[in-house]
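As structure tokens, the structure follows; a few thoughts come after it.
As written, the chain order gives the labels A, B, C, D, E and F, with residue 1 at the start of each chain.
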């Protein structure tokens, strides 16, 4: 039988962004991204759920210490993005459009080295309560 | 590595229904479906979460424009079922028992032609906060 | 200092209804109530929050036993309205339009005799997560 | 007996802002407002709950048509602030620090003329799920 | 016009407790408190919402700095009760039955000296999502 | 095409526990589990979501009657753990550390014999709104 358990930890950060492809002019950006491309930015309360899957350690009963997972997320992701302008203040989105999809992939790439390679990692990111994404799918 | 991302969009509608198999008499329906079979209907606030999975477009960073997805769900599903009696007012449930399972399959069938065939589609439907279903599983 | 404490208990029921003033013809009802007046009913998951305010009993530390309050709400309100059609199946709304406002007043009137007269009673009723009412205000 | 009922309608908008008193220099702003004063803005999903209190109309059973209330909020508040930078894009916060407290007072002032003067109006604004304000208190 | 604004800050803690009046024997405690009196304790995730009401400072636009409020709640309440057994580990409930009502009054008494006396303070405590209390009422 | 549908039912229970490996001394337990190892226990409101996956019965439209599923969960899990001390009052955790991971596996093992073997079973357990687990993963 499958012995693997998934654990989930939820954190959040607040950030400003605009959707903008630097290879396009303003007109093309507004046509494709609508009000999400408005030049002075808007923002979101991002809810971030990180899933780690593996076999629980028989001595602790933990897949991973949730406190350690929370600390890693706060140090590597929340500190980096919270109260920031994703387009202006971060190296990750200088040349990458900060859609929810791209933010999720970036967060996965940031966190992957800090999680035991024997375990799987998945990111769910809520841009609003009604719009959210998951990576890898 | 897997490059696929899932996007989710949440919408809702309010409808009346009763659980009723037209091939059975009232007594058999009440025996199987209990108060859900009461003849004058009851109702729910249905929360609908639509998941679309695929590779993000490198130019937009979108798996699919969430606004387009929202518009499709509103036009094809919400307009059809919102403030309706599922048993009496819809062709889909004239001869099909409107259980949450069947409603989810029907919504999948309605939406599938409007979503890029290269992408996967999944429906989650909340009948209440404590009862919900997913299709395909 | 004010020694009064409020306690809240949340219950829920699912019901069908339509908004309809029997003194008006169908045309006038549809003009005023829009799709809420559609003849075959729609429905909601009603969340009901009952607030009772008074001084805690010094021996128990309770304003009122939450279990007793829950039992009263279930017996007097949930049993009466759950899985019912408010317009057709209840005496309370035979001649009263089942708007959220009126349902809240009716629930207050039903519960008031079962609550200690020395304590205050208030009803909050969620028709949806975005539409709710409170009585008395 | 009190015949007044309160109705509540919830809407939302997403906006960027920074906390900044233009009468102070950057150093003083950062000392008082911390990371909320960072120059390139951050943002929030604002949830807005509007409460209107009055006696229900005996013919409709409505304190106010929730659809009308929703339309007014969307036209006067959401259209004005959604996907905007409150500091840069709005006249209201050109010279007023966009704290949750000030935003709530501004929204009250915007909506008050559109609500029946015989009825009371109150604004609750969620900046995050853990920080929210109410006006008038 | 009323210039007062209320601000709310939500925090949480997890604790064990049992309902028990030390002046009664076990039989009487079980009769009154049912399974809440079971001798080996049970527990809750307590959600705590603290409301402070006053006039915003014209320079900051704050009724009170939410970060300061959060820090006070964490230092004075969360540190004291989180991951504790309320009956065994705290001086406050050595001789006081830890009902939600009494916990709310105790938290009010703890926090009152740390809040500007010109401002009002109110505590809302969720014992579960369906049982909660407020003090002062 | 895949004909399988998943149904989900949510229940809850409140319990006390401490994290403790009986093979270790107190010092080692405190080093690994921090405040979760405090000797007098703390507690949680556990939210439990049970997922059953299979093909809907063509006559009822049900994968499984949600009422039956709810009754099984209440009888086998909630009655066993609600208002209990997991470490002291249950045979399951006498020698097993009651981490969320282990509780989820135990609940799966308890429920599996009561669910049709042709259907899949999965457990999601929320220890808090921010910490949750899933088994099998």
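Things to note:
Note that contacts are C-beta pairs under 8 Å (C-beta built on N, C-alpha and C of every residue); 3 or more make two chains touch, one makes a residue touch a chain.
The structure displayed is predicted, hence computed values, not measured ones.
Common neighbours of subunit B and subunit D under the contact rule above are A, C. Interface matching across A-F, A-D or B-C places the copy of A-B, with more than half of contact pairs shared by residue number, at A-F.
A comparison of the A-D and C-D interfaces places the larger number of contacting C-beta pairs at A-D.
Averaged Cα coordinates give subunit E a centre that lies 28 Å from the centre of subunit F. Note: centroid distance subunit B to subunit E, computed from Cα atoms, is 41 Å.
Residue positions of subunit A touching 2 or more other chains: 129. In summary, the structure contains touching chain pairs A-B, A-D, A-F, B-C, B-F, C-D, C-E, D-E, E-F.
The residues of subunit B lying in touch with subunit A in their complex are 1-11, 53, 56, 59-63, 66-67, 120. Within the complex formed with subunit F, the residues of subunit E that make contact are 12, 14-17, 35-36, 38, 40-45, 82-85, 88-89, 128-129. Interface of subunit D with subunit E (complex): residues 19, 21, 23, 32-34, 96-102, 104-105, 129-137.
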